[in-house]
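The two complexes that follow have chain A in common; it is paired with chain B in the first and with chain C in the second.
On to the complex of A and B.
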């Protein structure tokens, strides 16, 4: 029986798609190892409540990090995703304004996410630096969120909250949605013409334009995706807080960047894989979860995340796969790498 | 000598028409094209026409405006005045109108060879997903069409400069364009690879494609050209059928004066027992082994070899870019360890890398900043930048290099390719304790006039006691300059020939593995 299945070729994935997954293997191994060790060592960790809470915790970060990863792939950045998540939660908590209809709320949230993302994209296309543009919209989205709902509270329509907090076995719905959305996004970024254009634009916008690729459209859609995924992430957050909160999303702006970098996506653009945010988010959430379980004072969680970020990037560097900030530091040595790898002619 | 200064497009069209019989309508017509970049008037009212299936080679000094003209023809740059017409109705349907091989390569290092060749035209399944098997097959077919052998799944950033240039050519040829623009496509190619390009263009021409070819290599120009046009200072100063030009008339039109001799006379032989400035003894590592050579004061020592046989590694080992894993490096008879370019510079060894954009220049910074970077500590005592002193030091160097620029504060990225190369070279002339220059393809993309200048300057420097290690893909350059030429084969020195009586054939046969 095993004779036929053998080592199945990965369904004809592209060479760059496979290369992008390489850094993820390392993070996956580490996080799986951490799960195994924690499951053996700690009974509370194995408990079904903890597993559910861990997965509930992962869903929003998964979504927002995937959108962030897409923007980083085109050598951009989106600081506004955190505020967009907050905005999504307060919109969800203002359900009464939309006749308490779950469908209407979801539609409005996604529409607002799309508009926010498009605004970022248009700003960047008009020549504003992505950091500056999204810093500005971060403030705008936060202001709007505060205008909609001055303090945490509001009421989420039960037609929305019930499915959002639904759990299949021990797996919450938002987690399932997040995984499916990420796999689809990964596929689109890795194995379609749009995705190829994304990687090319991230490597060099001018070259991409002279190769006839739709650079402007690519940039616009990348920010659109980030806005949409942030809005979705906001809904996943509602499943955790059962209400709206105009500031709850703030930490996600930087956490999403951290997750993307840990997943091996280079800040310089064009390198890495959206799928790699899954193990990266698992690793980050595990850190929080385990430190909590062991009663470590929560401020240490920040220290731990910072250390993980540096250690993983250092690991990528040591493994010779240029990534993130180190890629910039190393770019002066590219000639040497090229030479060392000469003889690729087969 | 045909000179058709600012002639009307109709005149040029007639001049550029195909030989006897029916003269087909021109495929490309440029009508009084004009382009300025701030104070620089890069292209001034250039008109020309090219019939289908013909090759026009465009020549001119660095900064003459060739790349700018090409960019306007390709539609990458909007002209300030005039118009470009490409008449593709004149021929069969093609995939695209214009394909360009850019002077500065425009591949994506993060993608593979196959993905680069097919970029934007990836074959797809019905689901919209890229069909990776078809993609590889298509790329392999495109490579085979030009006769290039490369692993299609290799990321482009792992390729050598020559291999990248070939990939760029393959990508353009695969588009099957009506007009193919080649802007210095051969600058890092060796002769056999140039042959591949030549055959590929011949095949395209047979199908009615026209080719515009920019090169500084005179022999190539006559080989490729049906017609020749020469630019100087943004103007078209001469054009006509290739047969109307001779080497001399071409050079004359380009530089506007007679160029008596490209290579300066050789220096008197130095005593062989003089202590070498720089010596490698059995040096190895990074794919080369057992390299022994010595550079005495006043000598130019050449290193030749086909692409991938280790000649660039020798330059990098000598310049501290790579660390030697075996053997000894001696400077002035003393063994030292070169762990970084910084060590080498401290010992008076300077390096001009072949990849000016990747490893050499800081493109967003000014010409002045790029020129002074190596000598900063001398020019700026107490770490405070001293502008006036800086200027006084740079201006003579810029003049000596015949640098063509608007101002010293101009960004290096705005310079023409050849002028960028000059800046890279000029940087080291400001270094007071310079003793050995390690040059890896130092005149890539440099025009004949400036090249003669650089060669003259090299000779002058060696007469003052400087030593030079010259790695070059241009064999004539090695023969014209070097006292000795070490020829590499598979990472080792296979043979050594004396510069004054070497021939291209000698070097080629050793480089191809014949023992000597």
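On to the complex of A and C.
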């Protein structure tokens, strides 16, 4: 059945996993190099304040980018994740409504994340373009977040805040949770039947359907995962802002897409590895962190991130694994369908 | 239902590579933090000051930063270096910026909290590291800052509202123009206004809109309000640019102007002056002042803190509002609408700012 899902993955999903990870080696090396150079060059970078700050900063983006990567793998997109994160923070900050119980708050946040994700999935299944559907829910989630909490504030139950802000050595708990969640998600995408269906759906929906894969259920669960991970990302944000903020998640909608693309998830779907968002997020966070420490004016951070995005995409292209927009330019839908069709006959 | 492939070892290698990266990052923080006691006063020293520009997205925030820069240039005798960061109105970014200043061990940090709650942990963190934090133009829900220089937003809202009520003799239909939902400035100014309006049952807010402190958005909003509620006696606006938009909307609809509260923005000052010169008696306004020079005042406070001089913890500056009588002193027809009057910037600095 793996042979049917396209000529690029003739040897089954293990090969896909490898193929997804191999291009990420470049980003991984660059980020490791950046860490080493920075650690040698800058004393403030080595300080525990900075390391904890960096890891706290990475946790929410790691989570939301992993969810985004899952949706992009099925050739979708989720613009609503940023507003979902904001919504998660204001729910967490309305702890008194849930009896100030940490468990209840986490349950409500995750439930809302799941419902939001399901709503996106159902919308997409009903035929609405993912960009349009999630643009709409982005507005809805933001509105609900503002209705829950009209301004930054609220109070997070201490039973939730204390563990959230816990730091082991210099590693914050949200960062550990983010890593574990990503590894689990990566395992599910790479090694389970659901993961196979995910890649096949992303490569060619019609084809996956004709191969008997549960395409609709896969699309639904992919958006569900994105919603859940955005909600988790919101909780990781709470660990940073100790409160709720109805607008705090806004930048994450685009940042999560950037991270997924730098991690080598093809914007056309079906290619890449969820695990690769880890070095991508590290690279993005390092860019901000280092330019800050070296006193470079922050507008250059945007320029730098844009350049990194383009350069890494060229890198994937050169490595023979075109990703992101380059993939789109190189192989349109029709061309890919044709290749996929040839792959079936072969 | 998992299917493990023979390539598992290779995948684990990839995983290990990534794990190694993270261990490398985490390992960097091995040097332990010793929390310094509060910085010792140093009357004759030269200091490194961290200034976080919270935003450069509107003319007020730009002029705020310029006031600080000009003051820092005037006071070079006390300053070794100023470390600037820019937060782009993003809470997350501001936290990272402040933490990078703590890591760089600056002597003091000046910041405009984007969120009163999200800024709390980082201000406490700076205090633990022995770095005094001076807040400018906004507040934070902690007491761990050294000083906070700002115009009180509740007083701001109240001043405009009280003037409007007095001008209307406590009776009439009014429009309310607010800023952006989700921002504390917006909430606090409206709160101040509502405190006043509640005391006067004759005052009715017949329409209320968020117009983002923006002239064009206010013009659209007020045009719609005039269509649905043409019986209006006054406008309470929590921003000068929005008041200007309201004037334009009234004129476009051919509606007689009404008293409108405002702010110290030059655009409103110019329009107001023009109306007086034209002999329009139906309009009146008040320029409630949200001074950009708190940026300069914050530097004074910072140096006082560093030199061990006593400072006011909450330095609330609400200068006397601009009225029709004092308007001529402030209006600057030679400068653009985006200029904020009642500045401490020198004329040369102002010209330079608007020559760009």
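Keep in mind that, in the parts below, the second predicted complex is superposed on the first by the 318 of 346 C-alpha atoms of A that agree within 3 Å, B and C clash if a C-alpha of one lies under 4 Å from a C-alpha of the other, contacts with A are read in each partner's own complex, and residues count from 1 in each chain.
One rule holds for everything that comes next: a residue touches a chain if its C-beta (ideal position, glycine included) is under 8 Å from a C-beta of that chain, and two chains touch if they have at least 3 such contacts.
Here the structure is a predicted model, which is why all the values come from computation and not from measurement.
In the superposed pair of complexes, A:314 makes contact with neither chain B nor chain C. In the superposition on chain A, A:154 makes contact with chain C only, not with chain B. After overlaying the two complexes on the shared chain, residue contacts for A:202 are found with chain B alone; chain C is out of touch. Contact with chain C, but none with chain B, is seen for A:57 once the two complexes are overlaid on the shared chain. Of the two partner chains, chain B is the only one that A:271 touches; chain C does not reach it.
More residues of chain A are touched by C (comparison of chain B with chain C). Look at A:210: by the touch rule set out above, it reaches chain B but stays clear of chain C. Within the superposed three-chain model, A:247 lies in touch with chain C and out of touch with chain B [touch as defined at top]. Contact with chain C, but none with chain B, is seen for A:288 once the two complexes are overlaid on the shared chain. By the document's definition of touching, of the two partners only chain C reaches A:35; chain B does not. Touched by chain B in one complex and by chain C in the other are residues 12-15, 187, 191-193 of chain A. Across the complex, chain A meets chain B through its residues 12-16, 19, 187, 191-193, 196-197, 199-200, 202-204, 206-213, 270-271, 332, 334-346. Considering their complex, residues 1-8, 10-11, 14-15, 17-18, 20-22, 24-26, 28-33, 83-88, 90-93, 95-97, 99-100, 102-105, 115-118, 120-121, 125, 129, 141, 181-184, 186-187 of chain C touch chain A. By the touch criterion stated above, chain A contacts chain C in their complex at residues 12-15, 17-18, 21, 24-25, 28, 31-32, 35-36, 39, 44-55, 57, 60, 146, 150-154, 165, 169-171, 179, 183, 187, 190-193, 237, 240-248, 250-251, 275, 278-279, 282, 288-289, 292-293, 295, 297-299. Residues 74, 76, 96, 100, 102, 106-112, 114-115, 119-120, 122, 124, 128-133, 135, 149-151, 153-155, 157-160, 163, 286-287, 308, 312-313, 316, 321-322, 353, 355, 358-359 of chain B are the ones that touch chain A when the two sit in their complex.
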